[in-house]
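You will see chain A twice below: alongside chain B first, and alongside chain C after that.
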Partner chain A sequence: MRNYASSSRAFTLVELIFSIALGLLICYAAFATFRLTSGTVNRAKQMSLENRLLRVGILRALEAADTWAMYDDPWRATAQPLRTTTDSNPFRPLPNTVNLDLTSTAPGNWWRGQPVGNNVSSTAYGCYPLFSGLARLGARSTYAKRMQGLMDTLGHQALLDYAPLNSVFMYFDASDAIPAAMQATNFLNDPTQKILYGFNDLGRDIARGFRQLTWARSFLITTDKGLLANGVNHKYFYATYQAYLGAANNQDPAFDLNEATQILVAEQESLTTPKPAAWPDLNLSVFNNNILTVTLRNPVDGTVSTMHFAVGVTTTLRGARQQRGLDNAALATTGAWQPQLPWSAL
Partner chain B sequence: MTACRTVCTCSRFRSRQAFTLFEIAISLALMAIGVTTTLLLLPMMLRAQQHARLETIAATVALQITSMAKNPETAFWAQSLEAEKAWQNPTHMDAFDLERFMEGEAQANSPLAGFESPAKPLFNPLPPAIARRLDAENDEIAQILNQGGRLYYLPPDISNGGIGPGPGKTFSVPREGQQLVFGVVGLAQQNCLLNHPSRAWPMHDFWPSPPIVFDAFDGWNVEMADAKVNWPNALLTDAQAFCDAVAYNSPARNAGTAPAALDAAFLLARTFAEKACAMPGPDGQTIPMIAVGGFNAPVMPPALANPEATPWTAKDQPTPYQVIALRWLAFAAARRAGAQTTPDNYGAFAVACHDAGLAWQQRYAAMDACDWGAVRAFQQAGAMDFPLLQYDFFAPALISGAAEDAKDFSWLVSSPRKVNNSGRAWGMYGWVVNTTTPTISTNIIGGRDYGNHAGIESAWSAGPSINSHFTLCDRFAPAERARQLVAWTVDWQSYEDFEETPCAPMDAKQSIFDSRGTYVNMSWTRATAERAIVWRNNTAGRAAAGTGYGGPNYEADPLPDFDNIALVLGSFGADRNGNASFDHGPTPRTTRMRAEVVGRYTFYDPRLFMAVK
Partner chain C sequence: MNARAGSILIIVAGLTAIIAGLCLSLLAFTRVDREEAVVLRQEVQARIMIYAAMDYVQETSRIGWHDPASTGPVVDTYGWIDVRDGRPGPKGPDGRVVTNSDGTPVFSPVADDGTGGSFFPAVGGRAARCPMHLLQRPPSAVSPAQVTNPVVDAGATTAKRTGFNAGWAKAINYTEPGSAPAVSATDAAFMKSVDYPKSPLADADATRIAAAWRIGDQRPVMSTMGQAWFRVYRPTPAQVQALPAFDGTTKSIRWTPAVFILAGGAGGTLGYQTYAEAVADGRGDAFQNDPAFFDQVRARERILWYACEWSPAANVDSLHFYTVDSNWAWPSTNAPMIVSNNQRQQNRSFGGSFLWIQRLMTEPKSW
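Let's look at the complex of A and B:
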């Protein structure tokens, strides 16, 4: 009986304290584990979501580079600012006078001028308008009509895009003169001049090829209305312009490529509008259709993750126009997406 | 009964007692194991997501690098390297393998700034001292390094210039991308040569144009130098007479542009052209002439037969001296016609010479890339002009003689067939010997200065024939061209010396000097691929990169200061995490790290120089 009575007594204080401590420990461990697990799972879910969005953004950027849809959307007439015919624009229809048969062995596709002294006022090196130009007939005018048509209708970048790599970017106009756009000048701040050659770093009348026109410089395309009005399609941008001429001679900072990258507006698109509040913001920007930027911003902690890359082989402007049937007279040139065509039809 | 009751009582009592301390301890231990296991799983979840992020970054990097490598530098002259003799040529710096491109030495990686711009590395080579500490499955990293390859890391984002992010730059990735290192698995291809090591062919000039004159002294010109190597003697006097008449600073050229002043050169050009067109080539080829405007103009070339039915022969191709004579004639005729105030017989003659001459030159260039006797027309440059050459690795090397300062060697050059009219270098090793210029060539035989002609000819593979080991035109399976870009993740920036270790050594192939220290290339001067972030001294704190060379002025002034060779080579290390602070990681340099594969990307490794436009 003594044993029984003894076994039925209450917990001692030590036992109680020990039990409570153990209980608290277990509760704390459970709570901490739950909290940590919950936080980690949430973080993993967030990262998973970010990763998926990043992949979506990259795929969308590549698709944009392939289709030029951020510059010209065949599905939306309101998103086709580069078809305006009041100025040279990359998605305008080409006139029928532009022959796009670029066969290298066709004599009509050969430049027939000199590296220097082509200006009709100076014939020290010969009279080359005799051989080709807008004033000549037949194949002798093919090269000039192509140069003129591409540059005046589609702009400078389109001209470089369409012309074969070994082209000489010069022609004789209807008065047998070299167009002002193809004579170098240091007065770059007048977009009405539509200068192709840029400042006079080589000589005023030295004919230029693709390499010289793109040496440390670039021709850009944007849909920004203000910049279009300022003749961006007729400007070139020089990578080291300010260092080359000095700040005092930098007449128009918009010609400096590094500054232009800040001035020019990249084509932008939000890929997460609308979205749940906790989702990251995913934005895509395409600069000159070859610099692609995918930006992911976490609204919770404010962190920004940027993937900024360029793709060397994307659809050319000519390819984008062919996607829309803009260069194929056999197709309705409505500018809508064209069905997949055999190569022979392009 | 008493005993039985006692037992029963004890049993009942025992069934109601609480857990023992031992039981609780066991329970807690079990729970601790469970909790710990759960906690251990959590980092794995995060690592899996981080790995997924790195896979995305690595795949994008691979896409960028492999696609942009398809558009290497298109300016041939910027890459051509001519030495007097083959063994003096450190070979061509812009080889088009992906590895070279990854070091930023290819110049096509700036789509904004056109095809030629100061090289902006997409990758930096990881210093070998660090790369050697990294282990990978199947010793893949060690194998790459043992085969002469390198590992590469993504350059840091430098917001104050250099390579950093921003719409004007080409590339940046999230910070975690710096954990990635890349290597190329699979043996490199034997690429075609960008040009013969002693002659940068093809050369191009406008058509028409006067004799190609590179300098004023002594009326010297390249084409007459070539002529003395390759042309019939009977033509040299007439050709030289025209050259003298239009040479820079010659009295005839400075006589003005009045018709009478131009008639002398016009007559000399017609005389030479008529003789050249009438003089049969080695295969009997001539160019008939007809009267146009009172002068003899060449006829248009006859149509060629279908080559599948009737193969073209050497007789269908005009000789170099005929093509050159027509180019000079067309130039002189255009110049003379320009002196007339209205179109007349001079104009008609000029048009006839122009049309026919251009067509003959087009035929000449298109029929044989292995005839180097006449300059190609600039406005018709095309892939067919490019001669396919490769080194012959299966023939004994060409080794310099005792007279050379150092023992250099070169592989011999293999060609699909013999190159005719190889001439001489068009750079300084083609210069003639005279009293006013440094003597480069002393190869004078029988009064003719052959320049480095002997050097060009001695480099051709001789055995058993020039094309015995020529493989560039062989049929191949796509898999033979496939290599893999492999991305690993490893925290190499935790090494204590990750910013202190000198930059990876520069390959001698990147040199623009020949083995005698002569500047033989016109392209950008080269320095370590990490040039934008190199430390400027070896002080304990290192001066931050950012002033002058290795900083924001890099793009504006890409030429390195060769007086400070330590900067050119990156001897003091580099700001590899891009924070403008000289950092040390916690991991001792004696510790090895395990690199984990993130992704593998198979790509096509071409053997030929090409660009996609």
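Let's look at the complex of A and C:
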């Protein structure tokens, strides 16, 4: 019985082969299942990380738009290139000659002039510098001093930001003439021959509103070291929509705002430096503190995710300057608000 | 018991445990992602509320208030700084301080400086609190249902009114405020009888339906309750001057009667600043009459604070001249858009605009 029993617990060669094959199959299936599952989990982790970084990027972009910190870092004096006083720069302290009382009822805040034909040498329709301008006294100079102070100190982008929506962007200077910066074309080219500077490309003495000034163009702000070193002055800095204007309108055909958006004046910030090698690269780009771009590059599979969005309601330039107390001198001389009757004398 | 069968069971059980562990890990990641995404959703929701708050400032500069001297319940007003006398508004057409629906002036007509009222829009009055849940049908809503917009040829007398002769010209010549001129009862009956079966004009229920829609169905959509709110506060000069700059200094903002402090929130406090404020409104029950519960809800909220200054400036397009045969021309307002550099839509924001907007990085003392 013992011999029989021992022989009954043995197995044949066929059984051995089948059992080994089945064992290998089970092991392979187990390994494949484990590999697939762990791969799925790893991918899920990667996607989770990417989603988390994108969320961080969006939140950072919104905060950057609210603080303008990519243009002027309030906590690092070495990251404040737009406070330089050699040119017009949007983060220079505002001089106390600028009156910041923009109450619409104050007669000193009203522009006096013609829609067209404001050249002092041609007074067929009247000589309006007699009523308002830098050469006049008291409230008759308020409008001109504000326009001049904002333009010469902060530049045109700031001028558009500060002035009420229905402002007329023109004033008469100390010699009763329209300043060249608000009348004539002033084309200067940077070394790339692509950047245009100017305020009134038609070279006429017509009064312009916000819509006309920004038609097919956008006034810009940049901290690009190369551009600033090459003489970009925010007093005149703008780009045009080449698709609308074309070379026939005396615009540089090689340049348009899309190019500026993508290449020239967008502020860049890496949000993942330093980082583990396998982590995605997260970059933030801000154009004119309005168009925000969050870009995610995955070093593992090379995929790039880009999200563009514009912030409609965010801190304006004047708001950003108030966050930094840059208007305090002008506010001190402007004084407290008082009711101003619209029929009071200038 | 077969030893080999047992070993297979152990292997399978082990594999199943590993896979289950990995799946649980995946679910845990997904859950964490979802929870973290709530932060972003609340941030966006709070920003949308700031949009709404700014719309509120613009709209209430012109509409929504009552005038005791007027026969109508609501009057147009003249801005947060009245353009007629340069003093704080809103004031009605006769220059008097407007009233709330109960007839009380919104601020003291005697002082006439914006102060003296308990609630918004008085300077220093309690903020306007606007929980932003959806209503089943808001007052004066417009149905997206399409019905015939009748253009009647008033001069035609035949039964077949197939053309748009004099009536059409009248309808599009810009002398009428809308595209549909007033329709007489005769015309309405005719339209209903001939080829305008969907015209609401002759419908016997039109008056009743219009009245019901004007009132609206103000029951809240429950799924939108406790999601978002905004507040608009009209601060005093001292409160504006106390708002800190980044470096902690003050007096970096100039007060005018048109400066506002906005709060946009994503969460369930219904826009109450404190539990005491909710109790004062008789809404302590919304928070289980428990200040600790209110604090718990507040802790889960995202709130953004901004300051801004309103301006009556309303015309974006303003001056834009062009030449026609060497003569200067000015585009007409509200002309239809054509493909041209010289003629375009003239948008107008009747609620005014904003001189500046500023994010307040810390909670202001008063909002």
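Just so it is clear, the second predicted complex is superposed on the first by the 270 of 346 C-alpha atoms of A that agree within 3 Å, B and C clash if a C-alpha of one lies under 4 Å from a C-alpha of the other, contacts with A are read in each partner's own complex, and residues count from 1 in each chain.
As a convention for this text, contacts are C-beta pairs under 8 Å (C-beta built on N, C-alpha and C of every residue); 3 or more make two chains touch, one makes a residue touch a chain.
Quantities reported herein were computed from a predicted structural model and do not represent experimental measurements.
I'd like to know which partner A:299 touches here: chain B for first, chain C for second, both or neither.
In the superposition, A:299 contacts neither chain B nor chain C.
Could you look at A:37 and tell me whether it touches chain B, chain C, both or neither (first, second, both, neither)?
both
After the superposition on A, what does A:110 contact: first (chain B), second (chain C), both or neither?
first
Applying the touch criterion given at the start, work out whether A:131 contacts chain B, chain C, both or neither, answering first, second, both or neither.
first
Give one of first, second, both or neither to describe whether A:226 is in contact with chain B, with chain C, with both, or with none.
neither
Check whether A:325 is in contact with chain B, with chain C, with both or with neither, and answer first, second, both or neither.
In the superposition, A:325 contacts chain C only.
Touching A:95, do we find chain B (first), chain C (second), both, or neither?
In the superposed model, A:95 contacts neither chain B nor chain C.
Which partner does A:313 reach: the first (chain B), the second (chain C), both, or neither?
Both partners.
Residue overlap on chain A between the chain B contact set and the chain C contact set?
After superposing on chain A, chain A residues 26, 33, 37, 40-41, 44, 48, 51, 55, 58, 62, 104-105, 115, 165-168, 207, 209-211, 215, 312-313, 316 contact both chain B and chain C.
Considering the complex alone, what residue numbers of chain A touch chain C?
Within the complex, chain A touches chain C at residues 26, 30, 33-34, 37-38, 40-41, 44-45, 48, 51-52, 55, 58-59, 62, 66-67, 74-75, 100-106, 115-116, 161-162, 164-168, 206-212, 215, 244, 312-316, 318-320, 322-325, 327-328, 331, 334, 336-337, 339-342.
Which residues of chain A touch chain B once you look at their complex with the stated criterion?
Residues 3-4, 7, 22, 25-26, 29, 33, 36-37, 40-41, 43-44, 47-48, 50-51, 54-55, 58, 62, 104-105, 107, 110-115, 123-128, 130-131, 165-168, 207, 209-211, 213-218, 239-240, 242-243, 257-258, 260-262, 264, 266, 285, 287-288, 290-291, 293, 305-313, 316.
Touching residues of chain B toward chain A in the complex: what are they?
Within the complex, chain B contacts chain A at residues 9, 13, 16-17, 24, 28, 31-32, 35, 38-39, 42-43, 45-46, 48-50, 52-53, 56-57, 60-61, 63-64, 67-71, 74-75, 108-118, 165-174, 206, 208-209, 257, 331, 333-335, 337-340, 343, 347, 350-351, 354-355, 358-359, 362, 366, 377-382, 553, 555-557, 611-613.
Which of the residues in chain C end up touching chain A in this complex?
8, 11, 15, 18-19, 22-23, 25-26, 29-30, 32-33, 36-37, 39-40, 43, 47, 50-51, 54, 81-88, 237, 245-247, 249, 251-257, 306-307, 311-321, 328, 330, 341, 349, 353-359, 361
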